[in-house]
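What follows is a set of notes on a single structure, which appears directly below.
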């Protein structure tokens, strides 16, 4: 798990295993997925289909659609998703890979 | 399909207050909200957050618990995790919950969809690590997550609130970069009368500023030429302030220059909107009860014009008193008796607004960004593109959308609509009302084709 | 006289004609509506399509073929002139079938048309397995498809933008926000707008889409056009998954899957409906099951401009010679023909196409 996060978690809570783009992360159960990923050091959630530029969460309220991730083959807003045990999350439609900026 | 006397969309202060008030007067109420717990954005996750970090978030936030408690104790059917994507005549409201589409019918609907951050397109605002100040607040409220090395950029009271909360959490921001100037404050002084009536509000603001000062957070005012740079993520903010160019190194940039009504749902059903020059935003045309020009549609809270949480709560109650009266559950005399103190409170709470609007105007350079700045985050359209489409005869946002795709992405123009209208208005020498706005259509939020198709098969309760 | 031609209507039809006239050095003024006007040019499906057109009127099939045949060079010229590509793909298109009966019945009709066209109707029938090789995502209930090699699709919005750009570049005047109220003919034509604007021109082309229904009779036309609603869906941008377009779905150059379209007689109501969206979604998923997981990002409805028999109308006014009605449902397919060939018809050159079959005479009550 990455420790160089730009974000600090004020409290600790029970964690579960979640996969993000093949890497296993321990995230707080029931947490907001976008918040939990940010705290775990994930800054780039996807690359845009227009220019492949990196993006991460912007509004945290389900309005901007910049925190899109893919779960079970469906592209969803991470900020509108809760962390559950065994969640498999990836960058939408394989927009990670060689464009990886992290 | 289930039918309710009243369907309310949004469980923030306006929606919660309206729902409990309407239920008290005997209406069957369905409250649809996207979040898993009530509160809206201002009281996001208030029940859990107050327990864990009420000290950081402050007493105003804790007030939200009175609303969630009343909601729990009411007969309101609160549908959580419900993302509304279509409202049709009748009314038929379609929403997604847990990956399945569902519908509810209503005699009347009350939109309590609140506010959005005013888009603040500055160079680099699409980089990871750049968020709205509201997003930082939501991270703190709901998740107890806070940016370690953040610079706050823009103008408005929310900047001071989030800065003070960060100070209390032991992680003060690196700096406040404020776009408002002394001249703005001088202009605001003209509204001192209103400010005095809104004294409690002002006193709170001064207390926040004292907290920020004690933590020695540097403040830069009158900032211009703001740009965020970094390789693949935000690393620096540069700007000019006090005649000097500055560059601050940071991990997170939090942007804010006010909030604007979230008008998507109202526009999708044809509610008329007018430009509000004081608030520099479009607001739906509503009367003092929240009645719109579309029969059976009401709007309360920030979605009807920015007033803040307390005004929203009062407006929600007023709308429901009117709705109850129209539905024959309340005499007009009784309605007026109950409404009188609410109107008085609303007037008191609104008194501070002219002062705030004048003291913290939006950052001009983000209202009319330079050509190279991306203004549509989804389709990556620049301000210069919009100006070119104006030269090609685009009188309004819809021809512009056809020419260059601004507003066609999943956010449906939420974070570029006002900018497109502003740039076109300037380029064509027209008013924002003449220029108009994007035509908003379903889906208000994306919905999978699978969910849509599943509605095609006749539903069991169709015969009801 | 300010102009040789005043063109009423600045959609794809009007701008295509304007562009063709400007290329021949005519002075052209286009009068366009406002941001909220009904605009089929902003809402159409974007096909450059031949198959199924003119089943009862081979001339219409031929006219569509002629336009499709020159579309590529038309798009290329616009792209070169404006510096921005007008995406076009013409590698065939499908008519997808979910039953052997409908497939066979359609093939029978195509054979009749093919003979009427002297054999120029290049299509083949693909069974499910053959289709699957071409379209790996095709669904199991699709029994087969008619692949017509003259079909294709374009980006209609980039066409609109290129025309708007190039018409101005060539010196055409485009007046926006105009509603034409009267057209008089003291000597040349005087076109009057609701805001007081007046334009004088030697000729007038009425290409105002549904607006022709109201304005046409004042100019001596029958103009029997009516709106027909088509709802259209578009998904999030997806990796390439559909090879060739069909009337059910196509993948646009930006990546989204566009899904169409309803045919509804509901007057001037251009709203989308949940049942409309659901029906289209179900059909698209039947054709391409993987679409079930795709997010619908936008939907819209546009109003088709339909004549009673669905064919275009090209008519010179008998009351006002020099005034022409140009209207059609397939403004995208026919854009190239309108740009290249209609000026000959308007100018009565030797190269003028024979458009007699598209005159309003066919609507006469005999």
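Annotations for the structure displayed:
The letters A, B and C name the chains in turn, as written, and every chain counts its residues from 1.
Heads up, the rule we're going with is that a residue touches a chain if its C-beta (ideal position, glycine included) is under 8 Å from a C-beta of that chain, and two chains touch if they have at least 3 such contacts.
These figures come from a predicted structure and were not determined experimentally.
Distance between Cα centroids is largest for the pairing of chain C with A.
Relative to the centroid of every protein C-alpha atom shown, the closest chain centre, again from C-alpha atoms, is found for B. The greater number of contacting C-beta pairs, out of the two interfaces B-C and A-C, is seen for B-C.
Chain A and chain B have centres, each the mean of its CA atoms, that are 24 Å apart.
As a whole-number value, the distance joining the C-alpha centres of chain B and chain C reads 40 Å. Averaging Cα coordinates per chain places chain A and chain C 43 Å apart. Contact of a single residue of chain B with at least two other chains is seen at positions 409-410, 446, 448.
For chain C, residues touching at least two other chains, in rising order: 236, 254, 293, 295.
Counting partner chains per residue, chain A shows two or more touched chains at residues 50, 74.
Per the touch definition, chain A reaches chain C in the complex via residues 49-50, 73-75, 93-94. By the touch criterion given at the top, residues 10, 32, 34-36, 39, 41-42, 157, 160-161, 164-165, 168, 174, 176-177, 233, 235-236, 254, 259, 271-275, 277-279, 281-282, 284-285, 291-300 of chain C touch chain B in their complex.
Across the complex, chain B meets chain A through its residues 34, 36, 41, 52-53, 56, 83, 99, 116-117, 126-132, 134-135, 138-140, 142-149, 169, 171, 231-233, 251-252, 262, 377-380, 409-411, 414-415, 445-446, 448. Interface residues of chain C facing chain A in the complex, by the touch rule stated above, are 236-239, 254-255, 293, 295. In the complex of the two chains, the chain B residues touching chain C come out as 86, 88, 92, 94, 103, 389, 392-399, 402-405, 408-410, 412, 435-436, 439, 441-443, 446-450, 452-453, 455-456.
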